[in-house]
Amino acid sequence: MDMELLLLYLVAGVTYGIIYAIVAIGFNIIYNTTGIINFAQGEFVMLGGMTAVTLNAFLPLPAAIVLAVILTMAVGALIEIIFIRWLVSPSVLRMIIITIGISIVVREAALHIWHEGVRALPYFTGNEITSVSLAGVRMSPQVLWVLGICSVMVVALNLFFHYTFLGRQMRACASNREAARLCGISAKNMVTLSFVLSAGIGALAGCVISPITYVQYDSGTGLAIKGFAVAILGGLGNSMGAVAAGLLLGVLESFSIMVMPTAYKDAIAISIMLGVLFVRPSGLFGSREAAKLKEF
Amino acid sequence: MLRIRNLESGYGSLKVLRKLSMHVSPGEIVTIIGANGAGKSTLLRTISGQLRARGGQILFNGDEIGKLAPEKIVFMGCSLVPEGRQVFATMTVKENLILGGYVQYRKKKMSAVEEGLERVLGLFPILREREGQLAGTLSGGEQQMLAIGRALMARPTLIMMDEPSMGLAPLIVKGIFQTIVRLREEGNTVLLVEQNARAALKVADRGYVIETGKLVLEGKSEYLLGDSEVQRAYLGKGYTEIWE
Amino acid sequence: MRKHSGVLGLAAAVAAVQLLTAWTGTGFYLTQLTMSAYYALVIIGLCLLMGYAGQISLGHAGFFAIGGYISAFLTTFDLTQHRENAVVAALAKAHLLVTRQDLYGFEILHVKPWAAFLAAVAAAVVIAWIIAGPVLKLKGHYLAMATLGFGIIVFRIVLGAAVFGEADGLSEVPPFVILPGLEVSGGLSARVSNYYIAWSLVIAGMWSLLNLVDSRVGRALKSIHGAEEAARAMGVDTARFKLKTFVMSAAFAAVAGVLLTHYNGGIGPSEASVMKSVRYVAIVAVGGTANLWGALVMGSVLNFLSLRGYFGSFDDAVFGAILILIMLFAPEGIVGGHITQKLKRVFSRSKGEAVDAAP
Amino acid sequence: MPLLDVSSLNKRFGGLHAVKDLSFAVQEGSIKSVIGPNGAGKTTLFNLLSGFLKPDGGDITFRGEKTTGQAPHRVARLRMARTFQHIQLFPHMSVLENVMMGRHIHTSAGFIAGMLHLPWSLKETSSNLDTCREILDLLGIAELADQEATSLAYGRQRVVEIARAMAGEPALLLLDEPAAGLNMRETAEMSELIGRIRQMGITVLIVEHDMSLVMGISDEILVLSYGRKIAEDTPRNIQKNSEVIRVYLGGEDDA
């Protein structure tokens, strides 16, 4: 097998993998503070990308991205405030259905606003045909942008959760919501914040990836499912596990194209997820004990 | 300091507290004793705001707190050490304590939190040794210390404890009760719910006995310790006399 | 008995609607009503699973599609080239094959529809049985995601596999002759009879499920839903009951899938899409999860409106919005749950009956 | 041969040794109580006996059959019934329907019979209804038959839970804190009810905190502390046992 081709697949796998990881981290942030899997997570990615493209028509690229991220964060906050905040200990089933409903409505709204067209932001630097050579592999500079920005995001989130009072408050809510309230922490505000945060990182991921993958009104769904698969693989709630699992899935998927038709790419990702769910629901990187505690 | 009138509370269709009245004065240790399921924990959960009162009044320093959320009640100076300790297991001991100081952080500044941290670590030297350890890896007794320390970080005027001796070995229990006495010596007011009635009455000034959500007896600790009915039902004394 | 009067009432309503359309000359409505009936079959099966066994499935469109696609494949795939194949020869010997002329007048050899029907439903049942074991061990989000994942895999396969026609799906599915003169097909002349075939199935389905709910099995399912630990302590093999319910509700979906495919003369990948599964769940939720009548009424009304195109380009959005609104404001559903109970209470008071004070 | 025989049973949760080398037997027709301070492992023991937890070691023999590690529904079929510390009635079901669930192990109608309402299955149901009404009658709650079980007063719910367990005609009945949350009068009624259950020939094993109940009705008492057996004797002797007095009855005199 051609070495360069292999490396090419590897780079593509890593690029997609890190995006899946970001989506998975978005799931985790909300799951940790609320115990809810937000099925509308993929829609944040789509909204970020679509809004940025629209804004880029009359704003410079960096401004368009920043504004798109802020707007998506606002949507995240609104969703939480309107649909989630006032529910008193809703059942898991109810939350699943509500967030699925939200994802459908957001997607359909996007369809009516932006129609079915496929869009993309311009390359951050260079264009479709520029390439940089790194360790003998030629790749698009946008790939570096994706890897760079996503890595910064992961590190920044880690610092936020471990070294700021606000981040610690969120972790406290995740660890034990009632006890956090007994410390005077407003669990409700933390939940809103978790939606804002995960909307923000989702939107940013949507912006950086859009030059490569393009966005469409329904591109959130696929990403959400991959992101969830990764969240499960990494151990639900475990963000470092998500990064590892994201890279693993991205690379596996990338190489699967060599042996299977592209049409089955998603089916493979999901089969892996199902396999893990059946055999080891705590995920590849999660501890079994922790998963037992989180059973619902 | 705390005055409760005709309090009613419960879960779902289950009514646990029925028209319960009681009070706690500054500087006191007051204990509530009763059988399993009598409503002791429900009472503390209602005062702390975790359960919404369905009727009656809870006045804390003259303010009605029966309808407030738990986080608001903590800000008013009333902290609960919950049953089963409930430390943030995935966070370090220090982080647990700092989070307990959130009220101080909001009211004053980070310096006040650090001051409080020194005070609590002085009170529980064992926690200083374990500062960087994850709270979930502490022993039961250490976790109880941490839970009490975390509540103290908010500098409450009333500290409530729900079964602090639960599941702990006798020697550790002794330490916990010594801590409670020390807290009072430092000017704290304590409302204590205990299964271990004898130990609780020994440290308390006054006690209330509740049965199926109703107050059946109240009085000075010495008086309750001497009461034959209390002895029979909660202190385990006198079976020999009764059954022979 | 009330239950039987309900089913009789349903039968009467079915007949009344048909007569009404005949009388007003709006027979064309029957086409969508027939399709709604098949969807309603899926929905009452799902209702049993969600409402009574307490297990969500976001993959029921998958079972519908398995039924539909396998039946369509078997009744359209030309075996003429494969006559020599041992399996095909055996099938021919067992009189399971039939020849017909296709659209262009060529003779093709394929599996008889009733054999295809049995094979398709059996396939769905077997697949359901295989995946139910591991899937039903999961709870909450994991269960939702696993069933969703199953649905997506089916969707991807029918979309990607050449034998299933990829994005075009399968067409030219022949009529399914049940009895001489009685066939499931989309022909104009068979419109009325098909309406009755479909709704008879729904009536039979309702009757059997209502019976089931009011039986030892139904009580066991309700007990699992209400307090699983206690149910196990009563000797209920909870895993087995859940599994059987899952398989049965998959069978309902597969039967509907096969028959609707014959009625429409084909099936496309959209029938396997996630949105379809979500739609089924939405309708069960609207009907009040543990309410077969609610599921049936909502299933027929909403599907009819949707099929007639009343929701226009907002079709999916309508179902999304319904999901949110119902779960936010009336998680017990709008047909069942407290609203009907409130009405009952109002009525019982107005009749002056003494309302027993709760202890 | 005893009805229930437990030998060197062990259960650990992480670092906690919840049940430690526990052996005891329950004789047919007797009432045995398990007492001990909070956290002594009493409820864990019940969960092990009824199959809700798998032991880490040791054996449980019930009616001559080894039930160690068997699933709860299998143990139930051998006619071991139980109640729960936190009452677990089935919501949205009437008292009668709840009690009918107790008959589950004595019935066999499956999906097909249920869907078609086959005549034999209907007969099975109606004869069970009669049995259940008799049990309600016996326990003095016949008038509650059609009320929703979970809407009853707490004390009544306890009785319904026991009725449900009784409906299975158990050989052994496990009662997990039957007097928890009951007032003095209700506790006395509960004592009397348990006495009547024994008269029906049902063996009873009770976990309970309320000494007035335990001392009054037990033939034998098993005392646990930190998962270990510290005494097993008649109520009279238990009250004299210095070890028991130290860890339990006499409490923290020296604390």
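General remarks:
Letters A, B, C and D mark the chains in the order given here, with residues in each chain numbered from 1 onward.
Throughout what follows, a contact is a pair of C-beta atoms (placed from the backbone, for glycine too) under 8 Å apart; a residue touches a chain by one contact, two chains touch by 3 or more.
Values in this document were obtained by computation on a predicted structure and should not be read as measured data.
Ranked by separation of Cα centres from chain B, the top chain is C. Inter-chain spacing, taken between the CA centroids of chain B and chain D, is 32 Å.
As a whole-number value, the distance joining the C-alpha centres of chain B and chain C reads 55 Å.
The centroid of the Cα atoms in chain C and the matching centroid in chain D are 43 Å apart. With chains as nodes and touching pairs as edges, the resulting graph is a single ring in which every chain has exactly two contacts.
Touching pairs of chains, sorted by label, consist of A-B, A-C, B-D, C-D. On the side of chain C, the complex with chain A involves touching residues 56, 58, 134-135, 137-142, 144-146, 148-150, 152-153, 156-157, 159-160, 274-275, 278, 281-282, 285, 313-314, 316-317, 319-324, 327-328, 331. Put simply, chain A touches chain B in their complex at residues 165, 168-169, 171-172, 174-176, 178-187. Here chain D touches chain B in the complex through residues 38-39, 150-151, 154, 177, 180-184, 209-212, 215-216, 226, 235-236, 239-240, 248-253, 255, going by the rule given at the top. Residues 37, 83, 87, 90-94, 96-98, 100-105, 107-109, 112, 221, 225, 228-229, 232, 236, 261, 263-264, 266-267, 270-271, 273-274, 277-278, 281, 295-296 of chain A are the ones touching chain C in the complex.
For chain B in complex with chain A, the touching residues are 48-50, 69-71, 74-75, 79-80, 82, 86-91, 95, 98-100, 102-103, 105-106, 110, 150-151, 153-154.
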